[in-house]
Amino acid sequence: MIEKIGALWPEIILFAAACIVMVVGLSPTAAVRRLCAPLAGAALIVAGIVAWFTTPAAHGPLPMLPLFGKTLVAGVGVLLALLLAGTPDREYESAIARGATGYDPIRANRAEFWAFFLFSLTGAMLCAGADDLIWLFLALELTSLPTYIMVAVSTGRNRSMEAAVKYFFLGALGAAVFLYGFTLLYGGTGTTRLFAPAGEPSIASILAAQAAGPGINAVAMTGLVLSFLGVCFKIAAVPMHFYTPDVYQGASSAVAGFLAFVPKAAGFFTILILAGAAGWWGSSPVDAGGSLPQPLHQIVLIVAILTMSVGNALAVVQSSAKRMLAYSSIAHSGYMLVGVVAGPGPANAPYTSNGVAAVLFYLLSYGVMNLGAFAVLASLERRRADGSADEADDVNDLKGLCATRPLLGWTLVLSVVGLLGLPPLLGFWAKLPLFTSAISSNEIGLVIVLGLNSAVAAYYYLRLASVALLESPELTNDTVRSSPFPARAVAGLASAVGIVLLAAWPLNQWAMQGGRYQRVEPLKAAEGTPPARVDAGAPAAR
Amino acid sequence: MTHLLSHLASVALAASPPAEGAARAAAPVLGRVVEGPWTAVLIPGLPLLAAVLVALCAAGRVRSKLPAWITVGCLAGAFAAAVQTYLAVVHQPGLAQGVRVLEWIHLSWGEKPGQSFAADFGLYLDSLTMLWMLFVTGLATLIALYASEYMAHDLGAGYNRFYFAFALFVFSMSCLVMGDNLILLYLGWEGVGLCSYLLIGYFYKKPSAVAAAKKAFIMNRIGDLGLALGIMLTFVQFGSVRYAEIFEAAAPYLTLAGEGRIGEIPLLIQLIPVLFTVGAFGKSAQLPLYVWLPDAMEGPTPVSALIHAATMVTAGVYLVARFLPLYQCSTWALPIVAWTGAGTALLAATIGMAQFDIKRIMAYSTVSQLGYMFAGLGVLTSAGAAYHVFTHAFFKATLFLGCGAVMHGFAGQLDLRKLSGVAFMKGWGIVGLAMLVGCLNLAGFPFTAGFFSKDMILAEAFASPTYQALGWVLLFTAGLTAYYTFRVFFRVFIGPKFYEPGDELHAHDDHGHGHGGAHGHGDGHGHAPAKAKATADAAHDFHPHAPGWAINVVMVLLTVGSILAAYPYLISWVPGLIDASSARVIEVAHGGEHAHGTFFGYDPHAVMYYVSAIVGAVGIIFAFVLHFVGRTGAATAKADALLPVFGPLARWAQNKWYVDEFYNFLVRVPLLVISHVLHLADKLLVDGLVDLAGFMPQAAGRGLRRQQTGALNGYAFGMVLGVGVIAAIGAVLLW
Amino acid sequence: MIGGTLVTLLAQGPIPADMGGVTLAHYLVVSAVMFVLGLVGFMVRRNLIIMFLCTELMFQAAGIALIAFSRFHMNHTGQTFVIFVLTVAAAEAAMALALVVLLFRRKETLDGAAWRELKG
Amino acid sequence: MLLALILIPLLTAAVVPLAPKRSVGQVALLGTLVALALAAYLTLGRDWSGPDAGRDLAVSAPWMPELGLVFKLGTDGLSMSLVALTALLGPICVACSFTAVTQRVRTYYGWLLVLQAAMTGVFLARDMILFYVFFEFTLVPMFVLISLYGSTNRKAAAVKFFLYTFTGSVIALAGIVYAAWFNANRVDAADPVAKALVAASPDLVLGRWTFDLASLQAAASRFMSAETQWWVFLALLCGFAVKVPLVPVHTWLPLAHTEAPTAGSVVLAGVLLKLGTYGLLKIAIGLCPAGAMAWAPTIGLLCLLGIVGAGLICWVQTDVKKLVAYSSVAHLGFCVLGLFAFNDAGVQGSVLYMINHGLSTGALFLCIGMIYERYHTRSMREIGGLAARMPIWATFMVFFTMASVGLPGLNGFVSEFLCLLGAFQAGDVWRSHPLTVGGTGGNLGPYVAAIAGTGMIIAAMYLLYMLGHVVFGPLREPHHDEHHSASGGAHDAEPRLPADLTAREIGVLAPLAVLCLVLGVYPKPLMRMVDPGVKEVIAAVEGARTQRPATRPVAEGDAGAAPALATQEAAR
């Protein structure tokens, strides 16, 4: 037990920081209150460093996933902290600053907001390190529950409420689906342990044994499928994608940027863990590691194709930049699912054949690029007559951005061109491994669909880019201004730099480590004894 | 010059009796080339130099006659070089000489023969080449001199342009004739086409000139395609495009042909000359591609004289003559050539009879005479054909330049109904005389050069057992030719003096000649309403300006040339040259019995003089009766005296047998329709499909968007449905 | 019938005697029915509180199944899981009620369909 | 050196935004001239005819080892000639824009320079992914140039251009990746054939993930089955055929050409289209020669369709620029036809065609641009007979039209004739293949050449139609003042241009004219320069023709493959 805690130092740090922030944020002194964000950022940096040095290799098929996942979450989390600067209590704080009202902790949201931010990231980190279904369930819920509140308080407008209610209720539905999936998975295997040291029973080893024997038990398989479909909610994949555009649009841009990454990362960690437990065992005709067990493989494939196609098709017809990015976020989930379908290839497969590494690198790249786009949106606002501000949303708000605000404009251009996957920007280097790994597992049709979808995506990304780069700015009174939070622009800039430079930096080495795969040995059971029986005999290892 | 004369004298002294009895020199050695004199390079080189210098003049905006003098000088030099080279070539009879100038296209992909492609700027000099180059450079020099005056109204940019294209033409023509490979020939071939295009379109503001130029180029291109394919086939079959190597490779087939075993020659080999023929027909304006030549008369007259009468249009004849060995290897090529030639000769003559524009009549006569030349080649008297080319070059140049002088003097008037007695006007004597000589030649009046050369062809046609009918066609055409030629002469040059100036007064005004009255009356630019009045006014004080010294000198020289062109016949000069070149006719063994055609039992070679003389005379008499006897100055009605007799036929001939309309209807219009259809299909179908593909995501997006209702329950329903469907798919897949 | 099929599917051998006449299948059927009821309720009801209760129903359906499986496998993991599920459900309930209150303040209605400004 | 060819324009592009507005053009011109000087030095300063010429220039640096990428630049005569063409058009494009582009000049020249760098990179890249990076990156500058500086319908044109070519090349990427995967997983480095290959050229990386061009070509052409090659070739074709463009995927071209600014059209016709043919030549055929052979009849058919169909379409255009744009489709048909003849004449002709088309059509676009600058119209209904107004321009126009028509003595002829000759000779290439649609039996060479040859006639038809309308005939000009007042202040800022060409404009056209003439009369140096590259392509195809590629992993197929290797070596 204690060695598990050793693996949880980053989460512990974040948790502690969350508690501190919750207190600090209530301070009546504005300067102290404002420490929330820096504290959260610092905690993330520390947690990231700690994660880098302390996370041990896990048991199971993806030993380096925790390390990668935690550091990734912490790293992108720092940028997200920059992006979220100023989001909570904006109008309230300005009212206080104007002297219109005094400070009343009851009416302030700042402390909770930042605490929830940290909780959510903690949950994402926990997902990455999960080796038990219960843990996984709790981690997923920890990731998402705070986000519901973050959405609700992000702007204080009705739209945010609406976004929150949709997000919450549909999220609960999704959670119920994957919970039921987890239940069946437990039912089909008799344990909630996902991975265990060799020789000990775990879902992975039992499923491996079943796959090697009579085939995976139908209950377990149903559980896997339902779990996958439930988690699709987190990654905004078809058919659980409906909420995405409404929530992203209703939430403030900064929170939308957060939503586009953190739950998605948690969801993908979960999917990879589940897939790892199911094992890329199937009898693939290619000499890669094989594909997922049969119906699951087909289902992920179908979901991947549907997700990217539906996302792109819907993004094409949008006029709201946020909705467009939301739908594109759906499409990107579809791309990443290609990597899941492709699988990690044989043990010690090179980066090019490792779909898991591809997914991880894509996640990283997507986090960086998406952050840039949302940071630009978050940095722009339209002032209304009453002095309150609407965040930039319509595509036309971005007209001539490169001319009026070159820094933001170019950040946006780089982000969307990167998201488009145009070489030599980051998006291309993220997409390339998806191509190579999918081809390695002989999913050529999927690759073609992926390619065609990239072309469709190019249409709307180009629109965004050309609005910013090529159109001349509107010269009306109702102009778009910068929002008063330079930190957001800094986040955008950081992402722009990342988009250009990360490709050159050996980050894919890191992703390759993260995606390292080792096949789970089937549980050696006495001949003829059903695996569950064996498990039933052994006491729970907890 | 003196060298040439002494040479001719020596040939004459050595000559045995003319024509039939001409001593056949030893067969030429076709596969070998010896190093030739470097001076030959000057023949294309000097015109090229002239072209460059004139281009520099144009760049320097020279507004004097400098370009003309440059061109004349260079061309004269080229002529001298041609004479020099000629002497060197005839010095080694039967042996071609080569001069390499510059490597051009070289490819090789192996060591074996046929695995390399080489086309250089190299010259192939044999007597055929030199025969052509002599009259090309000679005539070009004279006509350049003539044009220096003729084109003087356009001094400046136009003058420079004219001489640039002129010099470039001579260069291209030398490449065509002197090149030692088919690719260089092709370069010349298209080069003369380009110059022809530029010169026909010289008056580029006139839409008709532009259209004529375009037509010429495109018609030629059709022929060129045939030639190009022929070249490729040659290369594929013989592994080379160099004459010497082609002839060497073709030698076995020639032997087969000589032995009468023509059927054993592979089909593709036999196809080569047929393809060449397409090219030749395009360039030399034969059926069915002749229609561009009459229209080409839109160009300045010197151009018509040089390019569209004397030289360029004979390129096809040259091509056939050059490759006569290959033609003799083909079953169909020579009959095609012969019959098309004869058909063209007849058709063009009938059209020529019914035209009123004297330049057009000359153009049709050119087409017709070219038909003779091809018929001559077809009936295997390459010497006759070549000689006819030679004589025709002189007398047709004379005729054209005469017409040009008239046109120049009478403000573009060319209608034979509006001119009369020109020869008797002051200063027009030389032109009149020259025209008389030219017409006599063309009509085949006894003892003129044209008479002899035409006879050679006619006689050979009758002498060949298979071409009797063709002989009759040609003979009949000779009569028609005599008629329409003298129709022009009797109407325009003699008879009562009368003229109406043409409508080019404005053109002259534009160029600042100063017949300025017309402008004052009109409203400046409104040509149409003011035209009649202006023309009448202008006609009132119009004075034809008689040709100046340059035109007269050239006319005299050409007339003398036309007369003297008969002399080589007497000494069998041309047959000698031809026999020493690749154009030599190979005797074909006819299975032991050597059949000979006769003309009513007489040897056609012996009696054709008399027959054709009579036919010619009949034609002239007809013309005399119809167009001279009793004609008064204003009696224009008699111009179409023949029309009522032949009824619609004559009208059809006047309308050129509606060939242009026929082509337009049969080729151009359908092509235009197809093009429009393709354009539409491209826009609507091909691009439409692309747009549709691009639209599909949008359409899908619009459809899917309707599902995004914003209602919580709807979303839940969608999610549950999706989960259900996918789970069901999974279940189906599982079982 | 269904129970028999399920048990066969699970390939678990004979039904443990100590479950008496009530087999695993019975529990699973109840759980599935509850889950589906929850789903259907979620889809067809528009009152936010009822909708939330439907999700609770689904969570509890999972709980029943977990306990049944736990008993079936003769280990306690499932039951442990249920405790966590209940905890999470409680957290969600708290959040849901807070949210519902917030929403009610804005629009004075509990109708979920009142919130459809964002769409398309 | 090679890196400098790419970096000079890039650095200039970086400097351009900093330059004062008045001298932006001069700075850009200077940069392109330096690049041109370097390219000229590299092109003229050495003998390119040897098989290993230019090997010493190669640049190789580790890049992304995880992906098997190497930053590898290399060149041979063939690539170098196209690089030289790119470098030549660089200053010309800059110089022709001095008066045409007056707004947002920094952006304009910046992107123009970036475009030049990317195009140069395509020709120099020796790693497939690097190639792809450059290949794709050309889209961005072109997109910007068209959509900012084009004419009325520019945005739609730019988007169509981008999406169309992007879609194609994404599929090509799949093909490239497949080839790389094949090399990594289906080729056994321990196999004797592979060992022999590596022994012959130690740079090859077989049996491991790499995108090295030479390695992939060696692996795929030697070990991939014909059927697989057919598929991979199809994927590559999707990318390159769109770029060429072959009928029926050509429809973006007329639109893009018409709407692009002059320099854009020049670059598009001059170099960008050549990326497609170059890709086919250097990448696709070398990678899957057997696939290429299987596709040849179909491609030949498409080429013929392009030559005849697009030619006829040209004939009914009223927009001069569109006419020339469609003529590019027809011309490139010749080019690809020659390429797929797979013989010396054809491939040589094709390569020459790439260069010559770049010169003559580029120049035609320049000429038309000069007209557009003066009259703001491209419609043949509104302008005509300009020879009277602009004799110098008319001279150039006629000259370049003749070069485009393929008049012997000018550059177009040599290449066109060789392409036709190649098609004529390539009797068996156009024959049916088990995997082909549209082929039939028998020696089709002459027929193909004859049909393609009608393209010569059609070219004469439409180009002379254009000359007859625009250059010759009675003078027609739109009323100048109307245009200026209608278009508002934008045009008032423009410097008024004299009726005929300025010295600058002559300076822009003259080098092209000289080159057209020189390459027409003395193409020998160029032909010698590209010859090794041509031979390489032919050797690849010959290799595939004489050898049956191993259909299975080669472990069992040594005996059959070894003699094949010998023949391949002999062919080199």
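The chains carry the letters A, B, C and D, assigned in the order they are written, with residues numbered from 1 in each.
In this text, a residue touches a chain if its C-beta (ideal position, glycine included) is under 8 Å from a C-beta of that chain, and two chains touch if they have at least 3 such contacts.
Being a predicted model, the structure only gives us computed values, none of them experimental.
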Most centrally placed chain, judged by C-alpha centres: D
Winner on C-beta contact pairs when A-D is weighed against A-C: A-C
Averaged-CA centre spacing for the pair chain D and chain A, given as whole angstrom: 43
Distance from chain C to chain A - Cα centre to Cα centre, in angstrom: 26
Separation of mean Cα positions, chain D and chain C [Å, integer]: 64
Geometric centre distance via CA averages, chain D-chain B, whole Å: 38
Chain A residues counted as touching two or more neighbouring chains: 165-166, 169, 173, 177, 218, 245-246, 459
Numbers and ranges of chain C residues touching at least 2 other chains: 39, 42, 51, 112, 115-120
Where chain B touches two or more other chains, by residue: 694, 705, 708, 710, 712, 716, 720
Pairs of chains in contact (touch as defined earlier), listed by label: A-B, A-C, A-D, B-C, B-D
Footprint of chain D on chain A - complex, ascending: 286-287, 350-353, 417, 422-424, 428-429, 432-433, 435-436, 439-440, 444, 447-448, 451-452, 454-455, 458-459, 462, 466, 469-470, 503, 506, 508-509, 512
In the complex with chain A, residue positions of chain B that touch it: 694, 697-698, 700-702, 704-705, 707-708, 710, 712, 714-716, 718-723, 725-727, 729-731, 733-734
Interfacial residue positions of chain C with respect to chain B in the complex: 39, 42-46, 51, 112-113, 115-120
Of chain A, residues touching chain B in the complex: 165-166, 169-170, 173-174, 177, 218, 221-222, 225-226, 229, 233, 238-240, 242-243, 245-246, 294-296, 298-299, 302-303, 309-310, 312-317, 456, 459
List of chain A residues in touch with chain C within their complex: 133-134, 137-138, 141, 145, 148-149, 152, 158-159, 161-166, 168-169, 172-173, 175-177, 179-180, 182-184, 186-188, 190-192, 214, 217-219, 245-246, 249-250, 318, 323, 530, 532-533, 535-540, 542
